[in-house]
Amino acid sequence: ATLDDVKAKGFVQCGANPSLIGFATADEKGEWSGLDIDFCRALAAAIFNDPTKVKFTPLNAKERFTALQSGEIDVLSRNTTWTMSRDTSLGLKFAGVMYYDGQGFLVRKALGVSSALELSNARVCTQTGTTTELNLADYFRSNNMPYEVVAYEKNEEVLQAYEAGRCDVYTTDASGLYAERLKLAAPDDHMILPEIISKEPLGPVVRQGDDQWFNVVKWTYYALVNAEELGITQANVEQMKTSENPEIKRFVGAEGEFGSAIGLSNDWAANIVAKVGNYGEIFDRNVGPSTPLGIARGLNNLWTKGGLQYGMPIR
Amino acid sequence: MDRTSSLINNPRFRGLFYQVALILVVGWIGYDIYSNALDNLRRLNLVPGDGFLDRTAGFGIIQSLIDYSEASSYRRALFVGLINTLLVAVLGIVFATLLGFLIGIARLSRNWLIAKIAAAYVEIFRNTPLLLQIFFWYFAVLRSVPDMRSKWSLFGIAHLNIGGVYLPRPVFGPDAGLIGIALLGGVAVSIIVSSWAASRREELGRPPRVWPVHLALIVGLPVLVFFLVGRPISFSMPVFNETGPLLRRGFERGSGLVVIPELVGLLLALTIYTAAYIAEIVRAGIRAVSHGQTEAASSLGLRPGQTLRLVVVPQAMRVIIPPLTNQFLNLTKNSSLAVAIAYPDLVSVGGTVLNQTGRAVEIVGVWMAVYLGLSVLTSIIMNAFNRRVALVER
Amino acid sequence: MSNPSVYVRAAMAPAQPAPRSTVGVAGWLRTNLFSSLWNTVLTLLAIALIVSIVVPTVRFTLVDAVWSGEGREACLAANGACWAYVKAYLPQFIYGRYPIDERWRVDLVYAMLALGLVLLMVPRIPAKGATLAFMLLVFPVVAFVLLTGGGLELDGGLIPDDVMAPSAFRFWIEYGAVCAVLLALAAALAAWQGASVARTLRNLAAALAVLAVVLLAVSVDVGLEHVETANWGGMLVTLVVAVTGMTASMPLGVLLALGRRSNMPVVRLASVVFIEVWRGVPLITVLFMSSVMLPLFLPSGVTIDKLFRALVGVALFNSAYMAEVIRGGLQAIPRGQYEAARALGLGYWQMMRMIVLPQALRLVIPGIVGSFISLFKDTTLVLIIGLFDFLGQIQASANSATWASPVTGISGYIFAAFVYWIFCFGMSQYAGFVERRLDTGYKR
Amino acid sequence: MSDVSAAPGEELAVDRSKMRVSSTEVAIEMVDVNKWYGEFHVLRDINLKVMRGERIVVAGPSGSGKSTMIRCINRLEEHQKGRIVVDGKELTNDLRKIDEVRREVGMVFQHFNLFPHLTILENLTLAPIHVRRMPRREAEEVAMLYLKRVKIPEQAHKYPGQLSGGQQQRVAIARSLCMNPRVMLFDEPTSALDPEMIKEVLDVMVGLAEEGMTMVCVTHEMGFARQVANRVIFMDAGQIVEQNEPEAFFTNPQHDRTKLFLSQILH
Amino acid sequence: MSDVSAAPGEELAVDRSKMRVSSTEVAIEMVDVNKWYGEFHVLRDINLKVMRGERIVVAGPSGSGKSTMIRCINRLEEHQKGRIVVDGKELTNDLRKIDEVRREVGMVFQHFNLFPHLTILENLTLAPIHVRRMPRREAEEVAMLYLKRVKIPEQAHKYPGQLSGGQQQRVAIARSLCMNPRVMLFDEPTSALDPEMIKEVLDVMVGLAEEGMTMVCVTHEMGFARQVANRVIFMDAGQIVEQNEPEAFFTNPQHDRTKLFLSQILH
């Protein structure tokens, strides 16, 4: 079983995007950071109470599924869209949605376009081998807009081509657009159109057929969201351990045996928050308004605040 | 005892033993791989087979020489990729051969500067990675041509901007086939005329003047037919919109014939890179013809052009052809680097299909089969040609 | 005048200096550049061509280039190349994301490699055999330990886990057992075929012992921090792929070349098929195969490092080309050499090892260098499967948020081209040098 | 053709009666010809007049400029000073003149230089067809005539590589003859041949001489010179040191260098 | 060693006294040996018995199968019918037997076939060390002994390319001798040599003969045959046409082909 293997080898092997600012990047020293990265660290914290017990495998779009299928990595946390075919026929299982995303469009302000519906005749650059190409085709066809797609192998090339003027539009998940825009020579000359043309729920993926490991990953995600709902933060988690709120008590492991049910220690959730923080903290730290990306919470806000993030109750 | 010992020391038996051992080992490895793959695929719900190829592709391809839309099947998409590969390979081979011969001959030029320029060309382009050259040319081209709302024009017929090279596209009417037939007929008749002229020449010594006949047959006849059947070919000129919303400006979609910059960049890089190798082959081939041959030819009164055509080139060819074949194969294989700059060749389209379907084994299988097939085909053609050239020599 | 044809020269004509127009600068110019109208036209065209290429290039790369400065503003200001960016990222281009504090390990490996190559390539330096042995046996192990940090976990896998837990101890027990079986097999085979049993055993045991030492060296924890290959990048990856691909493809290439010339039909067929298949497909599909398909061929749970997979792909691919180069050398060895060796009573492998291969390999050194150049250039393709080699690292950094500008990318490409060119041109010059040396040396 | 071994020149049966030399028609005239290779002065003040029908043998130590001199005559090399007039046409930079001269001058090389990719017959008909624009049929007839003349008509459809050296050289001579030249130049035509083959080639050359062909021949076959030549020219260090009728030249050399050379070369 | 030119064989000083031939010990026996190359029947019913100490010379026109026959003796070629027994061991498909035979039989080729990448000494010690498993020191001593025997000990550390043809052939003989063979096979050992060098090699071979070495020698050096051989075998079209003692063979050939052959080859 994966959990046993992970415990035996002493670290989680996590598949990640090699470079997507805010979601997964490694700095000069090989230190990884980002939203997807923090999820893996949370997983490590849950299992080992040590967020550093994780190793990252940079994967491009083509390799990611084979890497997971073959067992090269334990979990894929690499802005991967949850689709039915992937969830069912590729032998994969999505464990939650770390980021509700949608495909958007980046254009030059000089183009004078304010809506995606004005993009008729546009030339669109994108990266091959993702759901993006399919959504794009669907959107333009359903709106009867002619278009042309230029699909590159790597996003470095997409960006260079877009910058050179090969296309009018750069499309990918909105989160990616925010990240990529920063790499343009003059980011302020470009804007992201308001339309989101697809649902892109991005989340961690595991292999089918190992429910225990699936549970660990799934509940790590819920723990992050629940912690925010409960107001448990990295700063206050120690005090919270003495809280009388039964929900919090169950969360920090003061009550019940929820940890052992998924093969972890009882304070697994508290460890996550203590070491990595809750969902909101992770979001703000990596992609939130105070970062260069400056993404608003939007759909990724808690359900209580008008968003979609909803932690299943620990009970 | 002696029987067995002599059996074991029998070279035939030993050979057999080793060969059987090899078969067993290879078979075992093969079986292991096969069963692992089968296990893995079954675990992943990926039943091996080509059924998935008939599913709808759903993605667009920027260049297709045959009908293709998002609603076409994966099979068709792969076919589009294959045709694009063939297109770039054939064009690349033609251009690289021309440029390569030019540079190779220039390297032997008695003009010092020309020879040095050719040498510098070869040393520069042979010693840098092709992928780098592809990037370089592609992005250099992209960055140095006008943007999509403007253009450079040549005689109002050909235009250039970042969207590609725009040319008039011939549109064939119902009777256009007749013109094709007329052209073919003209070529056929003029071949007959040529051979007649050749036989006349044997008798006369002086060839009869036939080029007006050729001109009439090959150009005149189709033109005549063109007007007779009521001009069935028209040209769709690229339409350039100067006004309107920005996205509508520039060349109108569907008008004219567009050569996309990905093709231009790839072709440029492949041609320039391979030409450097071909130049060296040509140089070596020509140098392999001894100086005495040229001297003998000129002392017989042959002019330099005749010497080259009748004496040097036929001898150089047999040295040139085998390595030239290799370069053609290399160019074909190297065209797979198209994937780096979004030219939709077989590898690029296959990669997309692989991603949408997760069918790694099948797609890689298609790649291998196609490239191996192309290699074998090229080898067969060139070997046939080589045999002809070689026959002349001995 | 009865015989006008009689003539005896009274005074010998002394040698005179050649007319001015045929010698010296003027003569040189006339014969090489302006010997005819056509040539003059060509010369003028060539000059125009040179000017139109060299001037803008020099302007862009030198005159208008930006040499220092920080960040994207510096590059945005440039009309020419932005070398400031290259300077800032140079360490990344060389080491990738290798941890800064550990980079001395990479330097050490670079230094050893450079030293070894110099010792091998300069003909005058003696002890080639010892150096070669060191570079082939010791250096790879040392480099492996230095670069990865060693401490490879060997825990065996033949004995089921429930009988004995995975551990280094289990591995060594298994290793011992396998060795014993191999030795027994070899002894039986030797006895059968009438070779000296003791000698066979001695040789095999020595080989197994060397292997054991190597395994021990890579598995023992030397206290170096472990650096994952995912963090390797830049020139490091380029050199690792090129050098390993080359050395690994060599023995395989020799075997394939011998196989292709074997008179056992199955062996020959297998070699031909192997060689032609690899030569018939593009390297990039091989790399895709190693990155997306190979994992499916392994038993579930067994995984191989991505860089290593690419290395295997590259090595197999290159071995096919190497086999053809070596076959050329084998074919150049006259039949008489084989016959003489046979007549002296040498066996097949003795003949190959002592007579044929030494001569054949020496003949094909230029071919081998040539194929190394190809391989070195082809390493760039690994960027397509997401490894960060020298070019990949440059491409990635050109899009970094801090340095992005219209000239960043092109500057990076020019720098990459320059570096690759230096390496490849140097090697091709060396190949030429060896060829000339062999040309004269062979006849002696 | 088979039992020749020692000194083949001695045994040539020559009929000098037919070899008539014109006293007025000049075939080749070289006046103060000078040539340099870079700084190296190869030909110094060469003066030579060859009348129609003359057979000149050029001898001299290696490197003395013999080859260079005769190669200047059909402009395979360019001279830098002086005049060369062949058959009334002066060799200048005029390409048309050069072509005309080359058509009139046949040349036979030491290493035959047959075209290996063409059959013997094609070798012979190439120039007539493409330079003289002769019909192929006719060119082939002429070629067969000359092949018979050099006694190998049966080899017409073989390739040069299939012939012996002597046969190849005879083909080379026939190839020149097919252009119907007025002058033949030979540059050591026998020195790359095995002894048995030398005679077959010399025989052909003697035949040519007997027919009155103007010939300039660089050779060390002194037997041939003695029997056939009507003038022997001795060159050294790029100059014509001595010239004389063969008998006088061999029996009574005047110049010291000639004496030295002959003492080395004659047995 | 230098002033030999005409017929070197004639001048060999031979001491026939030591050449004793055993009458019981058979060194080589070929019984009804047949061999085909594809469809081509090269060896037809060869029967030959060589006693220990015999010196056999094999002669015959080119292509008659001489080389093929002696190459069968150490199994460089495989025969398809009949028996070949060398030193009591029959040559079958048994590799071990073949190895044993090869160790006992030395062979010298027309083109020497020295190993150009090894020094002379290494050429000589290679087989003793790796086939006979002799210690290197000892092998080198033996090698130097034989190098002295063929009179070129001073060349031990040179490479084959630096030696003249005659020296190379002597090294080749020494190389075979180092394996201490009981039989020596020579395949036209002198035919690739310049005349001055032939004698040095023949001298060495005569020396060997005097020491009683069993030898089978394909050669056209009839002088050598006359002086040294105790039997001459004449082959034609793959068969042994005639065999006899040299004197009788040369003076009184029986078979027509032999007569024809001898008339061509002897002066």
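Order as written gives the chain letters A, B, C, D and E; numbering starts at 1 within each chain.
Criterion: a residue touches a chain if its C-beta (ideal position, glycine included) is under 8 Å from a C-beta of that chain, and two chains touch if they have at least 3 such contacts.
The model shown is predicted, which means the values in this text are computed figures rather than measured ones.
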Chains touching both chain B and chain D, listed by label: C
Chain whose averaged C-alpha position falls nearest the assembly-wide average: C
Cα-superposition angle relating the copies chain E and chain D, to nearest 5°: 160
Farthest chain relative to chain B (centres taken as mean CA coordinates): E
Furthest chain, CA centroid comparison against chain D: A
Between chain A and chain B, centroid-to-centroid distance (C-alpha), Å: 43
Chain C-chain E separation of Cα centroids, rounded to whole Å: 47
Geometric centre distance via CA averages, chain E-chain A, whole Å: 84
Geometric centre distance via CA averages, chain E-chain B, whole Å: 59
Multi-partner residues of chain E (at least 2 other chains): 95-96
Residues of chain A engaged with two or more neighbouring chains: 62, 66, 69-70, 153-154, 157, 160
Touching two or more other chains - residues of chain B: 5, 9, 14, 40, 43, 139, 143, 339-340, 351, 354, 360
Each pair of chains that touches, named by its two labels: A-B, A-C, B-C, B-D, B-E, C-D, C-E
Residue ranges of chain C touching chain A (in the complex, touch as defined): 72, 76, 91-92, 97-100, 227-228, 230-231, 288, 291-293, 295-296, 298, 300-304, 306, 383-386, 388, 395-396, 398-401, 404-406, 408-409
Residues on chain A engaged by chain B in the complex (per definition of touch): 61-62, 65-66, 69-70, 88-91, 110-113, 118-123, 125, 128-130, 133-134, 136-138, 141, 146-154, 157, 160-161, 164-166, 168, 209
Contacting residues of chain D [partner chain C, same complex]: 34, 36, 38-41, 44-45, 80-81, 230-231, 237-245, 248, 254-255
Contacting residues of chain C [partner chain B, same complex]: 31-33, 35, 39, 42-43, 46-47, 49-50, 192-194, 263-267, 270, 276-277, 279-285, 288-289, 292-293, 296-300, 373, 377-381, 383-384, 391, 395, 406, 409-410, 413, 416-417, 420-421, 424-425, 428
Touch list for chain A against partner chain C, complex: 18-19, 21, 26-30, 55-60, 62-63, 66-67, 69-72, 153-154, 156-157, 159-160, 163, 182-186, 292
